[in-house]
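As structure tokens, the structure follows; a few thoughts come after it.
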Amino acid sequence: MSWLTVLTPDEWNAVRLSVKVATVAMLASLPAGIATALLLARGRFWGRELLNGLVHLPLVLPPVVTGYLLLLAFGRQGPAGSFLAEHFGIVFSFRWTGAALACAIMGFPLMVRAIRLSIEAVDRKLEQAAGTLGANSVWVFVTVTLPLILPGIIAGMILSFAKAMGEFGATITFVSNIPGETQTLPSAIYTFTQVPGGDAGALRLTLISITISMTALLLSEAMARRVGQRLGAA
Amino acid sequence: MSWLTVLTPDEWNAVRLSVKVATVAMLASLPAGIATALLLARGRFWGRELLNGLVHLPLVLPPVVTGYLLLLAFGRQGPAGSFLAEHFGIVFSFRWTGAALACAIMGFPLMVRAIRLSIEAVDRKLEQAAGTLGANSVWVFVTVTLPLILPGIIAGMILSFAKAMGEFGATITFVSNIPGETQTLPSAIYTFTQVPGGDAGALRLTLISITISMTALLLSEAMARRVGQRLGAA
Amino acid sequence: QAKADDRVIVFAAASMKTALDAVNHACAAEVGGEASISYASSSALAKQIENGAPADIFISADLAWMAYLRDRNLVKAGTVTELLGNSIVLVAPKDSAAEADIREGFDLAGLLGDGRLAIGEVTSVPAGKYGREALEKLGLWSSVADRLAQAENVRAALKFVATGEAPLGIVYASDAAAEPGVKVVGTFPEGSHQPIIYPIAQTSASSSPEAEVWLKCAASASATPFYEEQGFTVLGGEK
Amino acid sequence: MTLDVDIAHRQGAFSLETRFSSVGRLTALFGPSGSGKTSLINIIAGLARPERGRIVVDGRVLVDTERKIFVPRHRRRVGLVFQDARLFPHMSVLGNLRYGRFFTPQSQRYASEEAVVELLGIGHLLGRRPSGLSGGERQRVAIGRALLASPQLLLMDEPLASLDEARKAEILPYIERLRDEMRIPIVYVSHSVAEVARLASEVVVLSAGRVAAHGPAAAIMQRLDLLPVEERGEGGSVIEAIVSRHDDTFDMTVLASGAGNIRVPRLDAPPGAPVRLRIRARDVIIATERPLGLSALNILPGRIASINAGEGGSMEVRIDCNGTAILSRITRQSLEMLGLSPGREVFGVIKTISFDRANMATGLRGEVDA
Amino acid sequence: MTLDVDIAHRQGAFSLETRFSSVGRLTALFGPSGSGKTSLINIIAGLARPERGRIVVDGRVLVDTERKIFVPRHRRRVGLVFQDARLFPHMSVLGNLRYGRFFTPQSQRYASEEAVVELLGIGHLLGRRPSGLSGGERQRVAIGRALLASPQLLLMDEPLASLDEARKAEILPYIERLRDEMRIPIVYVSHSVAEVARLASEVVVLSAGRVAAHGPAAAIMQRLDLLPVEERGEGGSVIEAIVSRHDDTFDMTVLASGAGNIRVPRLDAPPGAPVRLRIRARDVIIATERPLGLSALNILPGRIASINAGEGGSMEVRIDCNGTAILSRITRQSLEMLGLSPGREVFGVIKTISFDRANMATGLRGEVDA
């Protein structure tokens, strides 16, 4: 591929890293995304609106602020960061895992909303039917609700992935811009835009980023179509 | 209110401007959002995937890039910008309208996806029923589809609004950060983070931004609940 | 002009906000009203001016973006002035025991331990560029090149240090002075890098006499205390 | 009405290839589950586009694939009562009912809201949402919604399946009135022979997507072999009569028919009104001499025209009463015991009580033999 | 089975306050649209939580609001055939059918997949999605899905409403077998008197959320006044008999009953087998002297026990045939003409042909009078 030769090793690293970070962010936040969507769609508990607000925060806050808050919480000295590092050996600071965390959090409101919309559209009578057939609530969820909300889950995943491919404000503020470790494509692109004459480089990387995202998007659409057919939509 | 006295006139301007920009961005993009969602959910035309990709671009691109592209296209010298200015007298460059445009575009993929998910969940048999009762496709849409996708529309609107309240990367790149004209809350917050000792100011504005967004969120949830009840959801 | 009123519009690097706001306030009487100051990164501002932004004055955080505009005749060459200077320092978290005498070959890597050196992005952020130049000059670059934590801007680099995320950082003296979470470990010697200069100029598109007045006022002795209070050195001299 | 259907259509493994032409005022679609009734109805309503063929209603071409005609559904003015009510969940019951009215020109509205609401007994539901209705209530609202759009052709897909008999009994006469007074052509899907016999002027029997039989209701009803085994008890002869007089003392009506006078429970029709009468074959007893001291009031003299073996040891005896055929179903044992054979003079004995409203229809005169 | 229900529940303006206790093997729920049948079924299945009350099935407390017991629906082992099929759209027909099996311990599975698929005639649909099924096909799959979960109590909400008579006739005997051989207690909602009379050992009549009548099927079926007006034609006496012998020559079966021998079309039951017989009141002719030369084979001597006025000029005559009550419905004219009065000796005349499968049930002996 001619791209390979056009890209510097650092840029090539950024491409690989971005895909890794976006994929991990998307997959790792999925269980929490589904759980949160479920809580928000179905739960009737105190603090529901608080949770809802919290989920939306990364959307509302300028990414720099989110990044800074992440730094305070999940940094080496942050309460969550030091706890996780001590007890689970999970370190975010200046690691690609931190980039994934930042991307996951930035994409979280989008993922949750998509899944939640799907959950709210589920015909609860089908869940009742599953219950009378002997399925407890976990099984009902796994065998009925989950398959029915697949379109929403797919939409949530692609939104999260796409957001991760474009996110850099929170990432760079949280875990810096270390080539090979935390320098994702958007960070690299941003750097290019900040130097006179960097437009060509920015454009090149942007095109790569677009190509990757569009491939993911096409994949997701194909998956959604298959799911849609399975659900018998016209 | 004590906030009023704490805020400088420029900051107060930024608050008002942000609300205006977010509201206008949300409302102005709604018709296009619905139309695009409809096309993507129902349309079977050449270029569908292209449109889909285009809609997702602002999510994928670093906001700075989006802002720069907007500057190139809708700036005073840009093709779209000069066309609109000449023929319709609509000027975006360095106006609050430009900030609204940037926010609308940044929130567009979120809005479209939410509405699209709702459209895909509509039982098309109900539309058929409306057809047999004499409604042509426009009436079917207005009287059946539209009310049924209201939850998605509300979700799309609040996502767009929240995004607009947090967006600054594209905005500041496109229309700069001119107090009273294009300085929105996130831009103002950003500026604070760039100077020593600005954290207190940033925090203050951030809290205001959160308050506004959470109010909007609560409103949207209340609306969605009412709509949900009307739809007879359990 | 596309702007709504005829206030002077200043495009300035974001790091100057505190000082420049004060200067703006002080000059209001002389100019006949406060200017509107749009703070953003120098790159964004330069590109906006290139695309017809209604700015009267441009203050860049480095010479490169000013040169970019001057090469395109977007600023009035005669008005370009080196307004302020700054220096870069090595900082550590305030409770750090690190001490350093910054000179050629000192053991920066040893001081870092297994931590990272926070710095502005070395190709795009001015403070990062100066930092890199200094490190190269002092022969330290190769020992820390892969130990950097580059930030989007110098403030973010400072945050890395202030939160203890990075044990050391290279930032402007002006930033270090105002951040209670850090202490200055050492100052990079003059001559270890290009002079740090914030140039100011009036744009070619600006025809407002108030803008000239504003520029003069901002560059005048009466503004000096405001700059110095924020840790800048005042240069004042044509280039 | 004339309804010409000649279409071919596939969906999945199922192919519908249907050709018939009905001149009846109410055409019944009859056939087992999965035989294509709903599919056909959907095609007539314009919900599905047949692969090939023509549909013409009263000279109006709705579909002609050859001439590339496909009238969109909202211009067909075809009312459709769906098998699954399909109410609009976001509208109240009243909103649902009024939906179609809006699209009907004032001059063409014939259905009155009060009358329909009253008829369907849904007055107390008007403010409710469909989600709060019972199955039968939902179906009633769906019927009302279709009626209130004042369609020019009414398609009803098992409209009464989920209703109790009392409710059915109230709605059936209204459908008769639509058919007769409003002269709205109707296509009616039903599994109930009683309903079909009562309402239909023509019957189309579908089987696996093909027309298995088709003709005037009277003819199809006499062909017991066309009916599902379990429904044969409901089959019999359909004859025409005229209200001769009312017997107020005993609350009865005397009908004059070709086969003689027939006493039935009181009918709400003026003397002279035409009446269509279904006489179940199993309700007809055959007597070789005029019986005495019997509670059955109708004793019709006639001559055996033919005898055929039915299923399960039963015999179908056709009695020619003055030129009108009456079908009787008896056991072979009775046949042999009484020594019945064609040509023999006998009496058809029928209880008055065996005629109930489900067996008598007014207003279909002239179409029985069409 | 014993089923004790004593609950109070509100939904919107509708209040359900139902109290009955059924010991029958199949309890029929009967009542007009909107009377609360589905609501009651939902509460028994655990889909709704009653505001107050108790539900006990065979000594197992499912709900007791006072003791704060509410067994969750998945632990009730209550199979529910919904009025609206509610198939899982994301599974094939086979997936739907097998769904419940997964949650049933191997030892408790009694329904065989092949048998159920065969019975319901859905073998050709197994690979399909529910969206590609016709209304009746969907309902059949729903029945199969509930059966294959091998429930310990089966609730069926108008399961056969959308099916044709032929299909019904195939499924009814299976339900009888479930009831009799598997001894699965069943609660069955239906609008069809024929179905209820055939299947039910007990009947609960609901009206506006209250129990209007309740008792053994035989008793309820005799009380014509409890039936909806239009269903009274279907009412009559339910008597017990025993297969006496088969008449191979004429393909008939002779039943021995308290009222005398009764000839019916051939039944598939061995001599000695108990049979339950519904004799429609309208099918019974009264003769003052033993009729001759009549095709009707069953002539039961008896004495008039009572005479009541029915609706619409009809009279209900109860004939005591050797201690077994036979109900006859005749016109007032016949009554006066024949000069009938209580105590008078008469003959009840009934055609063999008027008994069809829908009127005869095997295997319910001993529960008629329970």
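Letters are used for the chains, namely A, B, C, D and E, taken in the order the chains are written, and counting of residues starts over at 1 for each.
The rule is short, and it goes like this: a contact is a pair of C-beta atoms (placed from the backbone, for glycine too) under 8 Å apart; a residue touches a chain by one contact, two chains touch by 3 or more.
Computed from a predicted model, the values in this text were never measured in an experiment.
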Shortest path length from chain C to chain E (each step joins two touching chains)
2
Any chain in contact with chain B as well as chain D
none
Going by the contact rule set out at the top, which chains touch both chain C and chain D?
B
Counting residue numbers used by both copies over all numbers at the interface, does the chain A-chain B contact come out same (over half shared) or different (under half)?
same
Chain D and chain E: spacing of chain centres that average the CA atoms, whole Å:
26
Per the C-alpha means, the centres of chain B and chain E lie apart by a whole-Å value of 61
From the C-alpha centre of chain A to that of chain B, how far is it in Å?
20
Hey, how far is the Cα centre of chain A from the one of chain E, in Å?
58
Residues of chain D that contact two or more other chains, please.
84, 132
Which residues belonging to chain B are in contact with no fewer than two other chains?
64, 68, 190, 193
Enumerate the residues of chain C that touch no fewer than two other chains.
none
One finds touching chains in the pairs A-B, A-C, A-E, B-C, B-D, D-E
Within the complex, which stretch of chain E touches chain A?
45-47, 72-80, 82, 84, 86, 88-90, 99-100, 102-104, 129-132, 145-146, 149
List of chain A residues in touch with chain E within their complex
125-126, 128-137, 139-140, 143-144, 147-148, 230-232
Touching residues on chain B, where the partner in the complex is chain C:
64, 67-68, 71-72, 75-78, 91, 93-95, 172-173, 176-183, 187, 190-198
Could you pull out which chain E residues touch chain D in their complex?
11-13, 31-34, 37-39, 83-84, 124, 128, 132-137, 140, 157-158, 161-169, 191, 193, 228-231, 233, 247, 249-252, 263, 265-266, 282-283, 285-289, 291-297, 312-314, 328-336, 338, 349, 351-354, 356-358
Can you tell me which positions in chain C touch chain A when the two form their complex?
41, 43, 46, 64-65, 67-68, 116, 118, 121, 123-125, 148-152, 156, 159-160, 163-165
